[in-house]
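Which chain is which? They are A, B, C and D, in the order written, and residues in each are numbered from 1.
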Amino acid sequence: MKKIKVGIAGLGRLGKVHAENLAFKIPNAELTAACSIMPAELDYAKEVLGVEDVYSDYREMLAKADIDAVAIVTTSGEHCWQIEAALDAGKHVFSDKPLGVNVEECRIAEKAVERHPELAFFLGFMRRFDPSYAYAKKKIEEGAIGTPYMVKATGIDPEALVDGAIRFAATSGGIFIDMAIHDIDLMRWFLGSDPVEVYATGSTFKHPEFREAGDDETGVAMYKCENGAVGFVHVGRTAPHGYHVETEIIGTEGSIRVSPVPAKNLCMIYNNQGVVQECVSGFPERFAESYRLEMEDFINCVQNGVKPEVTVYDGTKSTQIGFATTEAYRQGGIVKIEY
Amino acid sequence: MKKIKVGIAGLGRLGKVHAENLAFKIPNAELTAACSIMPAELDYAKEVLGVEDVYSDYREMLAKADIDAVAIVTTSGEHCWQIEAALDAGKHVFSDKPLGVNVEECRIAEKAVERHPELAFFLGFMRRFDPSYAYAKKKIEEGAIGTPYMVKATGIDPEALVDGAIRFAATSGGIFIDMAIHDIDLMRWFLGSDPVEVYATGSTFKHPEFREAGDDETGVAMYKCENGAVGFVHVGRTAPHGYHVETEIIGTEGSIRVSPVPAKNLCMIYNNQGVVQECVSGFPERFAESYRLEMEDFINCVQNGVKPEVTVYDGTKSTQIGFATTEAYRQGGIVKIEY
Amino acid sequence: MKKIKVGIAGLGRLGKVHAENLAFKIPNAELTAACSIMPAELDYAKEVLGVEDVYSDYREMLAKADIDAVAIVTTSGEHCWQIEAALDAGKHVFSDKPLGVNVEECRIAEKAVERHPELAFFLGFMRRFDPSYAYAKKKIEEGAIGTPYMVKATGIDPEALVDGAIRFAATSGGIFIDMAIHDIDLMRWFLGSDPVEVYATGSTFKHPEFREAGDDETGVAMYKCENGAVGFVHVGRTAPHGYHVETEIIGTEGSIRVSPVPAKNLCMIYNNQGVVQECVSGFPERFAESYRLEMEDFINCVQNGVKPEVTVYDGTKSTQIGFATTEAYRQGGIVKIEY
Amino acid sequence: MKKIKVGIAGLGRLGKVHAENLAFKIPNAELTAACSIMPAELDYAKEVLGVEDVYSDYREMLAKADIDAVAIVTTSGEHCWQIEAALDAGKHVFSDKPLGVNVEECRIAEKAVERHPELAFFLGFMRRFDPSYAYAKKKIEEGAIGTPYMVKATGIDPEALVDGAIRFAATSGGIFIDMAIHDIDLMRWFLGSDPVEVYATGSTFKHPEFREAGDDETGVAMYKCENGAVGFVHVGRTAPHGYHVETEIIGTEGSIRVSPVPAKNLCMIYNNQGVVQECVSGFPERFAESYRLEMEDFINCVQNGVKPEVTVYDGTKSTQIGFATTEAYRQGGIVKIEY
């Protein structure tokens, strides 16, 4: 079976994760080209990944490299034009989330995808590929909890990493844009319905720097969905115990909680504190497997001519909802969401 | 040490719980009188409780019985006038929650309490006396989680008991009045701040009877507090696993979850379903100990001339918040709360 | 209904627990007399319990006090003769465990019980009354785990209390006699079969004082039962997290673990250690409810002329097994157990 | 960096796991040859693994294939001579556990390893590479539980797979040889001491076929170690909830339990049973990651000229202990273990 040849754009922290998965852990993929504006990242591509065909110009990679597909792991503002350029160059596209940083950009990506129905477009909502989230979805589809009518989603970065968040507070787009996009996607996915109204607020009790930068360290939003279901999203920066991503899906016949205790592993420690479950330190630890599995799915989609489950429209909608949430948060009121 | 003599008003399901605690489980209390409009309840008082001095008229009990205090466990609409009458008769008062069914009534109770600073007035927010809730409060006061800035409260009655809830749906005052008062009290208690704004909604996916009665089977509300803290309350009628009362208090240095798994006991069962934790069946099972402990505290307050921690104003406020939440829910909008 | 009048013998730590239950928490019991060789304990009886009829001589209490029953909570070496004397004086008897400190004594108690079939004899294996243990038993009787074929029992005292244990190491009778009797009783109760062979050993890694006193800080024993079932008992003195009493009952269709995490309450604390469950501090905290429930059952047995479930023979057997275990431990070999 | 070329011997269920890891998931390994006596397995090697250089004769692969190392995943009885042949042919060796089926064979492997200090010999005790077990070991080395003095190990295959176990009961070597080898290795690893005495027994309450085949469905053994520590091993065939592998390591300052609830994933399901944690179905699910990590470590050892942590002597000792346990079980007595 022919391996899918992939060129990667962006080799930052997450770019490296994807690159190593493509290079070493996905049998039917081959990482044949890499592009970065950082020379050190191209050295890394050669030395660690064994990729000789490297570029500092994205369009040049599209034009010259021997690739079937691109994996876009650049900064969010670059995603949409890079998606368009790749599709127009006849390449299948994997793009990291978010789709774009505003709805106009997302529409450009949508049109490019529509122009190229022969190509796969994959948007990296990797949480859907986490074995626990995927299992929750499967159980729900099998009817284990009846009809889902509420999602409570929590995503709190570890206090241990708060300095970086403070540094980027002024330019992050606000906590909901920066942090809630995965939770919003999960909410839509599990409820099978889109939010039509949002109310949001925020608070800062620990690090005034967030407030000074016009943001908050904690954001909370409540959604009413088209079908009457309810969503609740809580994002934050200051979890003392580690990286806390938890989702509860409540249905008419039961509910499922994914990761109420964000356990590091299966060890329980009995010591003079009591019984202690240590927790995961951050997203690379929590979602390592998800990144591999989503890329594996992308490659399989390309190879088998199958359309990925997440569509470009899911990307636009999650961006729209993120902006509506931010607007509600800033106004201190209710915002209606139209698509 | 002289025992405190108590007359009880109301011997329904919860009245019996309080009566048996007073009669048998609180060393420094003596149940000496009982009042009910149901003859069968007075028979019960004589036969089971050994209380000979029974009344069908509340004011008559106040006038004639040899009592230091009354325990009011009648229907909510009777609480305020009975409180006033008892205080004016020189009796210490224990009243079950809610204080009253509207704010005007609550003001009457407030004035009566103010007229009688020499008497103890105790409002039965028994969850505060649950060993786990009390422990959470103690830990928080000791600084275990820094400054609390969010409370997520959940209170869902068991699906097994939904028929009764359906029957009373039209007259219950709505799900927030009927179910959220304890959660509202806990939110205020843990956050140390009062909500000034509420947004609320509801949903019905399982039992359309609730919607037909102008109510919902699930209610969700989000609160902004005076100090910037955030509250989230979720109440419902359809928990398949049992009686689910859970509260999460999140602070700058940690968080505490009270009863995320509403365990029936300390047994874990490993069977062909997996590992199963059975859950409590309802409030009498979950809060049996709390009912005893709150009454013990009331009696101790009376005996030692100490003021109970919960005040009549806490009662008024929780009622106000309940009404504001109901208003927000009915309007589908935001309601400001003023005290 | 006539209250059962009880005289208590022994008002040490556990004696006070029983006395307060009898005096204040059991409706159909009345504590009318108390006996102790410690004057301070008799003062306590008068002042706290309100018992005026006190004795320093046990036989005198039997002869003179207005009592239907006695509760024996004296040191273990006194149990058997006090049981015999009480029964011969026509009193129902509650005795704390163990039945006796050797088998000969137990036989005396057995004979006294046999002489008085009209009287209730109750042996205080209170763990059987713990709501979780009782629930486990009920589930097993309902068939929830099929046929039980193995019990793993653990009982470890908190390191926080080790000084007391060290002080009494030389005179405690050895760790199995001192600590394993409850576990042995539970093993027999859950398996429905008696052990016929035991292998035992011990270890001391933390407090050499135990070894110096001819004992060990940890004892481990394995039992083969008559019906082929297997028991495993692990007792110790050095649990850093608190008081650890855990029992696993394994059957052909499932298993039940009672208290694998000896949770203090329903609070889970998320802090910089991870997710922490604090643990119970000792037996008074863990088994407070059991002590009350067993006494309630004793009083009900007396009142209703019902025979208690635990028999005097259960007491003898657990003592025999404790001695056989100690012998196996001391010999470093296998000991056959005959009854 | 030069990739390590590996030839695999044996492509059964576990062989396929190792082969796919070598072929697709370990960057610095290359699977270049395969050997099997089953033609279908060689077809699989060509079609799925892309390995063209296949053999039906093991010695021929050693002689002709372009390989640096062999991975031996054949039946247990073949391990030792294949280890010897490979080492004498100058190949690094990975061998699945157990080292051999008797001690004489193990000695042959030991001598071969001693003859070739320049070659890596790796014995596949993959549990040591499980992230949770490895974490437990790391914590213990860091002093988290003080000095370990007891290990309680449990390994129970799922009832769902019992038919296969029944089929092989007569030829498996007995339950301790067949199932306890990993638990024995973990016990030695965590305690840092070897057992010098064992007492063992077994029971059969569900499937009499085991007894009829001269074996038992459950085996239990207790060990005294050279340093005074104690081990307890419980193996079985009939876990209704799934595949139960649990290990508790108890030390002077704390204890660690690895996998007391053998959770399938991070989903907790709240339904009409209560709160349910589904469990892993078998070793391929539980230890998938361990198999990859141990092979990664083997390849790294080869590439970097580092000696693997597990030695050939560990293999001999675990085999000796397995036989001593079986002897104790069959005799119904105590067996001393000498090395």
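Criterion: a residue touches a chain if its C-beta (ideal position, glycine included) is under 8 Å from a C-beta of that chain, and two chains touch if they have at least 3 such contacts.
Predicted model only: the values in this text are computed from it and were never measured.
Colleague: Compared with subunit A, which chain's mean CA position is the farthest off?
Modeller: C
Colleague: More than half of C-D's contact pairs recur, by residue number, in one of A-D, B-D or A-B. Which one?
Modeller: Matching pair: A-B.
Colleague: Please report how many Å separate the Cα centroid of subunit A from that of subunit C, as a whole number.
Modeller: Going by mean C-alpha positions, subunit A sits 57 Å from subunit C.
Colleague: How many angstrom lie between the CA centroids of subunit A and subunit B, rounded to a whole number?
Modeller: Whole-Å distance between the two chain centres: 42.
Colleague: Averaging over Cα atoms per chain, report the distance between subunit B and subunit C in Å.
Modeller: The answer is 38 Å.
Colleague: Residue numbers in subunit B touching 2 or more other chains?
Modeller: 240-241, 253-254, 260, 263-264, 268, 270-272
Colleague: Quick check: in the complex, which residue numbers of subunit C touch subunit B?
Modeller: Where subunit C meets subunit B, its residues are 20, 23-27, 131-132, 135-136, 139, 144-145, 253-260, 263-272.
Colleague: Mind pulling up the subunit C residues that touch subunit D in the complex?
Modeller: On the subunit C side, the touching residues are 146-147, 149-150, 152, 199, 201, 203-206, 218, 220, 222, 224, 228-230, 232, 234, 238, 240-241, 251-254, 260, 333-334.
Colleague: Can you tell me which positions in subunit C touch subunit A when the two form their complex?
Modeller: 159, 239-242, 244, 261, 263-264, 268, 270-279
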